[in-house]
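Dropping the structures in below, format is structure tokens.
Shared between the two complexes below is chain A, which has chain B as its partner in the first and chain C in the second.
Let's look at the complex of A and B:
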């Protein structure tokens, strides 16, 4: 029994209690390995499904396959694991922002299965976001098992995301940068070290089980000044594609929600539409890595019009898959759309200036991929490092930086929030550490209530009240009904100064006559940000807190500032 | 009356009975009922170190148009001001977060299970996880409204049992109802139970609040539970074990609630007991 107890409470093991940083590093290793394994599992599942269905691709009736996959995927999420559709990355960021990275255990496997069904059957989506939520949920639940605190848990959530991305792309730096730039949003050494270790572990797991391969190999590119200049135009095109994809995804989601049908039927409608597009343009089906490889190699032989149509078709197919209820992420579609957009741009340049010597079209495909990733995620570093690592092409780093930076800026100008963050920003849920909103979200009205106020009765004479004032060190006195104890109003000493210094009034004035009855009140469940807004708007320094119309205390700006400062110091400290 | 009890409302006769229980409890213990009328069959509760998804059955969404009216009417008839919980945050569009800053939660036996299981006395893994993670005691009501006239604490000497005992003292103090303690003797001697009380400095409270301390030296727990008054609020400490440990070692909480029909107040490991 004692052995059982010790296994049940691993947080008590002496090895983990030596040092908090050591504990975090050890758990990061476990998280990195587990999230790496989750990525490998999904990859194998997708490969198996591809091998099953590929021989059947030439049958016309197979356009229903994405519909069946999407329907099964949404049924699995809705009825079996009881989770919502979508790729899950906003859920991870939300949990990191608001609940110290707490994620449900079921999220560690649910999206793997659902996205395998959607993508494996031909839906236009990527496996990366599902592995991110799986890895993050693994990290969160391992943190729970080891009874780690909120900050440590958030770091392990980042470790899970980093391990997953590192493993699926065989790209450790991109995994690390993605976790810090997108998921955690905080560059601190206490986060970076465990996340880097988890990235290495995730990559190693992938290399051991799947081999050390660069996902998209390329040829050497000789980039001249004209090409770098042309990158500006490409950045504009990828920014436009990013905005189009973002808006189409949202529109599809809105349209789908208006259809009076169960989610699985809506998902199958979207899947069916994708299948129909796939009959004419098979490039839009699945995660589409073969399309990326073909474009980078310069082997995509179609002309400008077809490539342009394929780009648009992939955007529409992705919006149909994800917007109508399929499960998967936008990483892989971004890579495909980006590569096709790059190719389109190259074809356009060649058409306009046929005599100019442009770099190989594969280079523009790479740059387009970086542009789309940076534009959709508004995370330029992730875009740059991802493309460098998955193509092994460091020589394109300068144009990569230019395209990523310009695309991110343009997208940010038109759509201030990234695709993952849009809803979070709209609902005020994106709370990065050390920001005003985050500090306020970690405090609540109940913990700021000052209860040392003396309540007085409305029938009390001013003379008796003065005796109470002598004993109290507060300027505010709540007035309560003698029978019901209900809050009637408040007396602020500044408001009644004229009476206090006029002894004639002492035995003639009752408190009910001089109290302020038009008082802004607060309830314990009120949002602190709203409370402060009301204080600022009405120039108040204190407000009474009521429950069931009974006074329970005061909330004051002074106490709030005091707690705010303490919370800010906790959030911005380097300790874990 | 700053303390609050969270009540998840089900808009059917069974749910009305449970609401009666919550109202009665809130009046006795001097807390305000906060009612949540679900708009979807699932919601999340974020605790300090865990997040629990509550999956309700479809009966919780019966006639959403009349739910508010029904709750208001029942509360007003009882002379209680209606307070409703409107979720402010959503993890996903159909997945609201319910905050956990409550002092009690009323958790019907069927919160996560099919109504058909009521009679079988099955609590289920969700409720066990709430008990395990919550900083508040969980009130598991009897299927039909039943006023309780006394308090019975089942005391086994564990840390959680001590918390349950302290909660029993607290409710006895607030409600003025008599308190009986019941102990099923297991491998320990009678003195060891008394020693726990002494070690925890609860001797004075035992003398002050406890009407009688019943020791069961013979028979099984199920047999001896017959002696617990049918109209008592039973307070019991529980660990909220996970599924694996539940299958391996069983659960006393499940055994108790499957045997008696009383209202149960279950105290988990994260509850901080004050008298």
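Let's look at the complex of A and C:
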């Protein structure tokens, strides 16, 4: 029985209580392996589905296939696992910033299945975001199993995301950087070490099961100074493409919401539209890695017009798939759009300056991918490292950095919040560690209540009140109803100071006459940021806290500062 | 000694909710298992020092509160004792002989105290009227005293103390305390007694120590009744 119990609650094992960091590293290994496995599973599923449907490619009625897939995936998400559509990365970020990384167990497999249905049937989306949420949910649930605290759980969520990305791209550094830059948002060694280990484990799992191969290999590029200069123009183009994709995704979402039909019908409408586009341009279907491969190799033979249209078509197809309720990520579409945009740019350059000797078109495709990833995620480091790792092209690092940096800043200028964060920022849910919003959201009203106020009744004479003033430490006195104890108003010493020194008034004035009844009040569950805003707006220093219309204490800026400072010190210090 | 989680919150001077939330969020080196909080006091102290948070044991907090606890007149007067037939023709000699009779002071501190009392008298007289004076040093004697002391000295013959109402002073109460707060507390209680004319009349009978203390105890009881 005891042995059983100890297995049930591994938190009590003495080995894990030796050292926090050791514990975190051990659990990071487990999380890395599991999330690596999850991404391998999704990859195999997609491959299997591709093989099933490939022989059917030439039938014209195939355009309904993406519709069926999207509808099935939407039904699965809505009816069976009861989770929202979309790619899930914002949910991970939200849970990290608000709930200490708590995620449901079913999230660890639900998106895998739904995105396999969407993408495998031809929807234009990527498998990366689904594996990110799966990995994150695995990390969160392993943390729960070991009863770790919020901080450690957030780190393990990051580990899960890192392991998943590392495994699916065979790119350990990109996974690490993505987890820290996008998911956690805090560069601290306590996070970095376990995440790095999880990345290694995730990559290792994928290498053992799928072999160590660079997804998009290419031949060597020789880059001239002119090419680096030309990168600036490419950056502008990729920035435009990412803004277009962001806006289109958003507006598709809005249009879809206006359609009076169940979710799965909406998803199938989107899928149908994608299928129709796919009839003419099969490049837009699926995750589209073969398109990336051909563009990088320079084997994409069509001319400028076709490539340009393909770029736009892929953007529209992605927006249709994801905006109308399909399930999947934007990583892979970004790579495809980026490579096509790079190719378009190259063809344009050749058309304008036919005599100049530009570097191979594959190089521009590669740079375009980095631009799109950096622009959509507004995470330049993730873009740079991901492209370097998945193409093995370290020689392009200089133009890569330039494209990433310029695209990120251009996109940031036009769309201040990245695609993943936009909703979170709009609703005030993006709470990065060490910020004012985070400190205020962590503190709550009940931690700030000062309870040593003396309550008085409205029928008390001023003379009796003076004796109470003598004993009190505070300048505020709540007035309560004698029978119901309900709060009626408050007396602030400043307001009645003039009467205090006038003995004539001692026996003639009742407290009910001098109390202030128009008081701003607070409830313990109120959001602290709102409370402070109200204090500032009304120039108040203190506000009474009420529960069920009964006074329970006072909240004041003095105590708030004290607590806020302690909270800030504990949250922002570099150690632990 | 093992601390409870409540005591940890007291040591840090934080609400218990905050400490519990910090534990949940992993900001404080305390671990929560299913049934208990695990922590090491030394680690916790180190942690608090690292974040420059105040951390002191509850006993210390308690003893500090004890210091702040105000004593009544009676114990202070008992410590100071009652002296009859004090010699002295003017303020200086009267104070000198009064200080000389304080057995609880060392020789040097007697000298210091005498100087301090004189300095205070030079600012304004401590004769508060009705023939009563309360000489005291201007600043509290925080290092020489552990408890407040009031020495009651009845003079052999009334002397001119430069009092507010110019009446000659026949009794002096030397008031020594270790903090201004305690000084004011005792002073306010004492002035309550002197305000009552019957008390002054009683003093004029030059009562002996025992009956004087009973009288004071009576007054204090009255005072406490009024306060509550």
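Just so we're on the same page, the second predicted complex is superposed on the first by the 572 of 576 C-alpha atoms of A that agree within 3 Å, B and C clash if a C-alpha of one lies under 4 Å from a C-alpha of the other, contacts with A are read in each partner's own complex, and residues count from 1 in each chain.
The criterion applied here is as follows: a residue touches a chain if its C-beta (ideal position, glycine included) is under 8 Å from a C-beta of that chain, and two chains touch if they have at least 3 such contacts.
Just so it is clear, the model here is predicted, and its values are computed rather than measured.
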Partner chain in contact with A:91 - chain B first, chain C second, else both or neither: first
Which superposed partner A:569 touches (first chain B, second chain C, both, neither): second
Contacts of A:147 with chain B and chain C, given as first, second, both or neither: both
Partner chain in contact with A:446 - chain B first, chain C second, else both or neither: both
Touching partner for A:429 - first (chain B), second (chain C), both, neither: first
Residues on chain A lying within both footprints (that of chain B and that of chain C): 147, 444, 446
Interfacial residue positions of chain B with respect to chain A in the complex: 1-2, 32, 42, 44, 46, 49-51, 53, 55, 81, 83, 85, 88-95, 97, 99, 101, 245
Interface residues, chain C side, partner chain A - complex: 14-15, 17-18, 21-29, 31-34, 38, 47, 50-53
Complex contact set, residues of chain A against chain C: 9, 11-12, 17, 100, 147-152, 442-444, 446-449, 563, 566-567, 569-571, 573, 575-576
Complex interface listing, chain A residues touching chain B: 8, 82-84, 86, 91, 94-95, 98-99, 102-104, 106, 144, 147, 427, 429, 444, 446, 524-525, 527, 547-550, 552
